[in-house]
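Following are the structures in question.
Across the two complexes that follow, chain A remains constant while its partner is chain B and subsequently chain C.
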Partner chain A sequence: MANKSIDTIKYGLLRIIDVSGFTIFDPVVRLLFGEEPAKQTSKILKYIVIPTIFLFVCIWLWASIAPTHKTKSGQVPTPSQVIETVETNYRQYEREQEKKTAFLTTGSERDAQIKAAKERLKSLEEESKAAQSELTKVEESSLTEIENNLAPFKKEIEAIAAKLKTLTSSAKTEQTALADAIAAGTAKPETLIQAIADFETQKEALTEKRSELNKQLTEAREDPDALKAARLRANAVANEIQHTNSVIDHYEKKNREYQVNELMTKADAAAALASSSKDPKDILKAAKDQVRNTKKIEDVQEREYAPTSTVFWHQIKRSIFTVFVGFVIAAVIAIPIGMMCGLNRIAMACFTPIISIFKPVSPVVWLLIFQIIVGAFFPDPENHPLFVLSSTLPFIQDLGVNPAMVFSACTVAMCAVWPALVNTALAVSSIEQDHLNVARVLKLGFFDRLFKIIIPSSLPLVFAGLRISLGVGWMVLIAAEALSSSDGLGKFVWDEYQNGSSFSFANIIMACFIVGIIGFFLDRLMICLQRLVSFDEDGATV
Partner chain B sequence: MKNTLFKSSLLALAGLSTLSAEQLDIEKDELKLGFIKLTDCAPLVIAKEKGFFDEEGLSVEVIAQPNWKQLLDNVINGELDGAHMLSGQPLAATIGFGTKAHIVTAYTLDLNGNGITVSNAVWEQMQENDPKLAVDQPPHPITADSLVPVVEGKLSEGEKLQMGMVFPVSTHNYEIRYWLASAGIHPGMYTSQDIKGFTDAQVELSVTPPPQMPATLESGNISGYCVGEPWNQQAVSKGIGVPVTTNYDIWKNNPEKVFGVTKQWSEENPETHTAVVKALIRAGKWLDATDESGAFLNREEACRLLSKPNYVGADYDVLKNSMTGHFFFQRSDKREMPEFNVFFKDHASYPWYSDGIWFLTQMRRWGQITEAKPASWYHETAKSVYLPDVYKAAAKHLLEEGHITESDIPWDSDGYKTATSDFIDGISYDAKKPISYINSHKIGLKDPAELDNQ
Partner chain C sequence: MSFLELKDVSIGFGPVSNRYEVLQNVNLSIKENEFVAVIGFSGSGKSTLMNLLAGLEKPDKGEVLLRGQPITGPGPELGMMFQNYSLLPWMSVYENIDLAVRSARPEIARSERKDYIMHYISMVKLDHAPDKKPHELSGGMRQRASLARTLCIRPEVLLLDEPLSALDALTRSDLQDEILRIWGEDKKTVVMITNDVDEAVLMTDRIVPLTMGPAATLDTPFEVNMARPRDRYTLNNNQEFIRLKTDITSYMMGLSQEKKKAAAAKVPMPDIAPKDFSLPSKRLGFKNLQAVSPASSSKA
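On to the complex of A and B.
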């Protein structure tokens, strides 16, 4: 009995692994249940341990090569620097959350928090003082260090300048002497020409050397690493101070409750004035103020914290949402048209030229086209019903649906539609003739044929097509967002490229991993769906 | 309960400015403002981060835009309520050069703030042509005279020197043209057929978005560029180029960016517009606040805010250079430039008609305005774009609330600055006589002189 339930668990797990496409964990499960330990161990060794080691070797290679490759735009970040930027970015998300809480906190909790924040500020300020004094120390020492490094170059450059001077003057006298001699007929013109050419080559060699030295001089002027590190430390503390100040601000004058109270006292004062004053003008004004204030109080009470968009999790969420919107549009277009093409040769002939011409078009071109076409539908985006509706729906309201998102999604759809369409057509047209013959014998109507035979037997291939579509869509989305500045991972990458700060490179590499990992999971998701609708057991492995 | 809370918050407020006595009756309280990643977007960022917008009852989102064209399009199609714009943009949009839409401005965000950077190779050649430049701290201003042989050398090879600017109607385009033309180098004319402005060019100027300038210079597509900060300092810190001059040398205290909105928006939301300008004036004043010795009080904090990735995002140390009043021309050449960015002082943020007219004269000089116009057209166009009345209304509120002093604002001005000859070539500019100003340049279109009286 016990054995049977263990088996149920075991095969349940194996089924999950199979459906989700993580078949490499299959031997791990089997080993845990004690099935053929030797065989499973060897499988684990071959398909899990060795690939893991390989991954580590790759990371080690990256870590050891990156610091040696310097470009003018900065150094290639090492894995640890990338991990650091993940932390920094996550910290930014946390900071936004802190400010949000500060904005919404009420009552005595608020007073307590203000006190705590102020204490934190005090300790930070001390830390900052230490960091600053350290920085000045390092600055001074590196200044002398740079001067020392520069001295030999400067000397050499001066020497070359002096050499050039003597060379020029001696050449001048030599050349005039030669010219005189030629005029007197004691020398040949060729010697003069030779002398001038010699002088030119010598001069060129010297100037070349000088410009080489100048280059080295500029490089030697670069700030030493210790100084850069000290600056980073000082900046980090200063940023934290600024953040703490801003949090205090959000507890104090930017706090929602505080703003409401502020307006209420004003309203009370206006009311008092209205009731006590004898001057009709004052009364009118006070009454107007009162109405205005009541409205304002309502507005402020409803006001939400306006967060800065951060890569965790706002931009990630928005990108995933956009890609799914685009994907759904693509699927809704591709599947019916694909089925039509698969069922009817004339339809296939009609669509073939369109598919062949538009399939290879770059997403960038589609984006620009959609920007104009889709833009025309939203002359007044603020009040457009679609955006008004989306700002009331749960989950979606935080994402900020706007025209930029719509045309990014359309671009995704336009590029993702082709694989799904072609695969659907293929799937439908390759349904076994026997199945269709059976339908004919049974005299099934069109819809019965469609839902009982055509769709079920074409589903696995359709899903294979959809899987490719989602992959393409995700790839396209990043480019579309970068170009249209629709908030999301693509915009994050583009902004970082434009920021050009010393962290930008690491941030871009971080984004590369985030995009890759999400793409991986999207793909797995499609595999799951594909497996669930497949009849054959291993028709759709990677 | 409410009372104690109020007291505690009042205590918290002590030392901070008091809330305005009478808030404006704003039509729209949630605004989206666009900007380009440049230090001179500072007033927008500061007004948001220091709570000046909040105090006007505005909830503002400040959103980075990828390039000037998209920014303008987003303002026109209503996605943005207003934006950080090039001074030439509202004028060009209003007269229909490029995208046509009536854009107005009531606030000048800053003066100066641009530089011209050349690649290391070109700088070396310039040094060879003019030995005075071959020292650690060459004498300023550096004219384009030493660039002439470089341009001629290229031309004799059948090539044209390529340089970058940020937008056809940007200050940068007119400044680099001015700088080149003042040394006799022809930067090319716009014609109705040639909208790239390459006709007759000895140096070809092409458009590159500001943040991409250093990368484009490094890749060798261009040999120099004119751009705002921090992209000149970035070139120095990365060692890929040398800023040779700033626009402070080309035209001392020239207008740079404005805050632009559509005319329709301004008409539909007059009080909101005034409220935004109020917050911006306070931000500008905050940015230019100095102590008794003339040192900036708040610029370091401003740099800290600007260096956040969602604003300008460049390194704090790079931003700090120009913002706190010094500028690296080379790693060896650090100079004091306290007026590199002027946000408020000397009535900098006032929307002067004369500033608008200067841009119009340059548009005519280089052929962007394709036909000769009478002087009256220049005045009328400037007056339809620049809205000093909104500025003054906002200033009046601020004066009542005690945020500014009487002398901060040119209350009785007719909108024209006095004639000046603070240009690199010493030519005098009098906004009252736009046609004679256009005609006073050697290179560029000339108009019939009698148009000045029409």
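On to the complex of A and C.
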């Protein structure tokens, strides 16, 4: 009995692995359940261990080659630097979350939090002091260290300068003497020429050595590692202090409840004034104020936290949403038209020129065209019903739907429509004659024929097309966002490229990995769907 | 008065340049409630003949008549069981049959439909597998599912294209009885393709042999004048049965030998290839073509 239930678990797991497409982990599961250990171990060695080693070799290659190439935006980031930026970005995200909770906290909880934050601030300040004094110490010691390092170079440079001077003056006297001798006829002109040439080579050698020394001097002047580390630490603490201050601010003055209370006391005061006053003018004014105040209070009560900086996570969500919208548009257009083309030769003949001409057009062109066309629909984006509506829907409201997003989605749709359309047409036109014969013998009506025969039999190929479409759409989206400044991963990359800080290159590489990983999961998702709709044993190719 | 009739029917496939004539001048007249078997070698055109009767193909020449009226197209009254089963792979056995029942027998009420379908499923002994998809079935199970789908329509004419070829002897004889019972009770007209002479003699009124292709045609039929019901266990001793079986077998052997002889003993023909006026460079290609034509091969 126990054996049987273990088997169920085992085969369940294997099935999940199979459907989700991570078949490489199949031997691991089998080994865990003790099935043919020798065979599974050899499989693990071949298909998991060796590929992992290969990946590590690739990473090692990256880590060792990257620092040797200097670019305008600094050194090519190494894997560890990329991981560091991931951490930085994640910290930024966490901080925004912290501020958000601070903004929304209420009541005694808020007081407690303020107290805790202030305590933290105090300890941070102490830490900062320590770090600062440490820094000055290190700075002083490293200053003398640098001076010590520099001294020999400076000495040598001075010596060379002196040498040059003496060389020049002695050469000058020698040459004038020679010239005089030639004039007197006691020497040959060749000796003078020889002397001048000798002098030049000597001078050149000296200047070269001097410039070499200068270069070494600048290198030696660079801060020692200890100083750099101390500075980083001091910066980090200062940064943390600034953040804590901001958090406290969000607990106090910027807190929603606090703001509401503030307004309420004001309103109460005004109301009291109105009731005690005898002047009708004052009463009228007070009443008006009251109305205004209640409205204001309502506004504040509904206010959401406004993040100070767009967080990476937000951009990821927005990109995924945009690609999803574009993909759905593409599918909604492609599948019916594709079916029409597959069913009817005339429709196929009508659409073929359109498909063949527009399919190869670059996404950039589509982006510009849609930017113009879509832009015309939204002369006043702030008040357009679409955006007003989208700002009230749950989930979507945080994404900030705007015209840039709309035409990015349109571009995605335009580029993603073709694979789905062509595949659907192919799927429908290549339905097996046998199945159509069944429909003919049974005299199925149009809808039965469509829903019982044509659609089910073409679904696997249609989904294969949709899978390609989603892949294309995701690639196009990143480019579209970069060009259209629609907030998202593409724009993130573009902004990083433009701002060129010391982290931006690593950020770009990180974005590259994230785009790849998301693309991979989207593809897997489509494969799972495709497998669900395919009717043969192994209909879907992975 | 014939019920189902083929009149001088010819059919072929392919474009004019590469034409393959399958059937030529086929004449067949089937009476109402008659049970006819068609036998013939593989590739001779039996399935094509069935497609013509079902209205799935149009004849190039001649006409196919049902009750004296030309058949305009396929329909549930001409119940065809396909040789390759043609089950819809995205539907289970039950759903496949359900689709047929819904569309061909809409008068069956929703409440009765399930029992009706299950009746046919158990008739072909698939009670244990109504929810299986075709790819989960064995070849014989698929064949039975396909048979059930055809029978459940209760067509006037049953067109069975090798309906029992993939079954074991026991299941086979059970289903033979089942088909016979349906044919007897519901007064159906049945045309069945089979390559089993015993089966043909046991079940049918008439056995029509198809000559070898290309351009096959129906030869003189063998009438089976044996009393029904026929008992398959005593049949082997029945004189008439033995006579028919030997006749048909020797006829079929004769067909294949004739074919071989015809291929071997072709009269040498004069080479009447057209005079070659083409440019010398093209001549080579033409010669190569000639080398594979039958005329030149028989000469050798």
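Note that in this section the second predicted complex is superposed on the first by the 416 of 542 C-alpha atoms of A that agree within 3 Å, B and C clash if a C-alpha of one lies under 4 Å from a C-alpha of the other, contacts with A are read in each partner's own complex, and residues count from 1 in each chain.
One rule holds in what follows: a residue touches a chain if its C-beta (ideal position, glycine included) is under 8 Å from a C-beta of that chain, and two chains touch if they have at least 3 such contacts.
This structure is a prediction, so every number in the text was calculated from the model and none was measured.
Peer 1: Could you check whether chain B and chain C clash or fit when both are placed on chain A?
Peer 2: With chain A as the common anchor, chain B and chain C both fit in the superposed model.
Peer 1: Looking at A:Pro381, would you say it contacts chain B, chain C, both, or neither? Reply first, second, both or neither.
Peer 2: Touch status of A:Pro381: first partner only.
Peer 1: What is the contact status of A:Arg231 with respect to chain B (first) and chain C (second): first, second, both, or neither?
Peer 2: first
Peer 1: Applying the document's definition of touch, where does A:Asp434 land relative to chain B and chain C: first, second, both, or neither?
Peer 2: Second partner only, chain C.
Peer 1: Contacts for A:Ile453 in the overlay, against chain B (first) and chain C (second): which applies, first, second, both or neither?
Peer 2: Only chain C; A:Ile453 stays clear of chain B.
Peer 1: So in the superposed three-chain picture, is A:Leu444 touching just chain B, just chain C, both, or none of them (first/second/both/neither)?
Peer 2: So A:Leu444 only meets chain C here.
Peer 1: In the overlay, answer first, second, both or neither for which of chain B and chain C A:Phe463 touches.
Peer 2: Neither partner.
Peer 1: Applying the document's definition of touching, compare chain B and chain C: which contacts more of chain A?
Peer 2: B
Peer 1: Least CA distance chain B-chain C after superposition, rounded to whole Å?
Peer 2: 50
Peer 1: Going by the contact rule set out above, which residues of chain B touch chain A in the complex?
Peer 2: Residues 2, 5-6, 8-9, 12-13, 16, 19, 22-23, 25, 29, 37, 49, 51, 54, 57, 59, 61, 64-66, 70, 77-79, 120, 124, 128, 209, 211-212, 214-215, 218, 234, 238-240, 301, 304-305, 307-310, 312-318, 330-332 of chain B touch chain A in their complex.
Peer 1: Contact residues on chain A for chain C in the complex?
Peer 2: So the residues of chain A in touch with chain C come to 434-435, 437-438, 440-445, 448, 452-453, 456-457, 459, 535-537.
Peer 1: Which of the residues in chain A come into contact with chain B in the complex?
Peer 2: Per the stated touch rule, the residues are 72-74, 92, 107, 111, 114, 207, 211, 214-215, 218-219, 221-222, 231, 235, 238-239, 242, 246, 249, 252-255, 257-258, 261-262, 264-265, 289, 292, 296, 299, 303, 306, 308-309, 375, 378-382, 402-404, 483, 485, 494-502, 504, 507.
Peer 1: Mind pulling up the chain C residues that touch chain A in the complex?
Peer 2: Residues of chain C touching chain A: 54, 56, 73-76, 78-80, 82, 84, 86, 88-91, 99-100, 103-104, 133, 135, 153.
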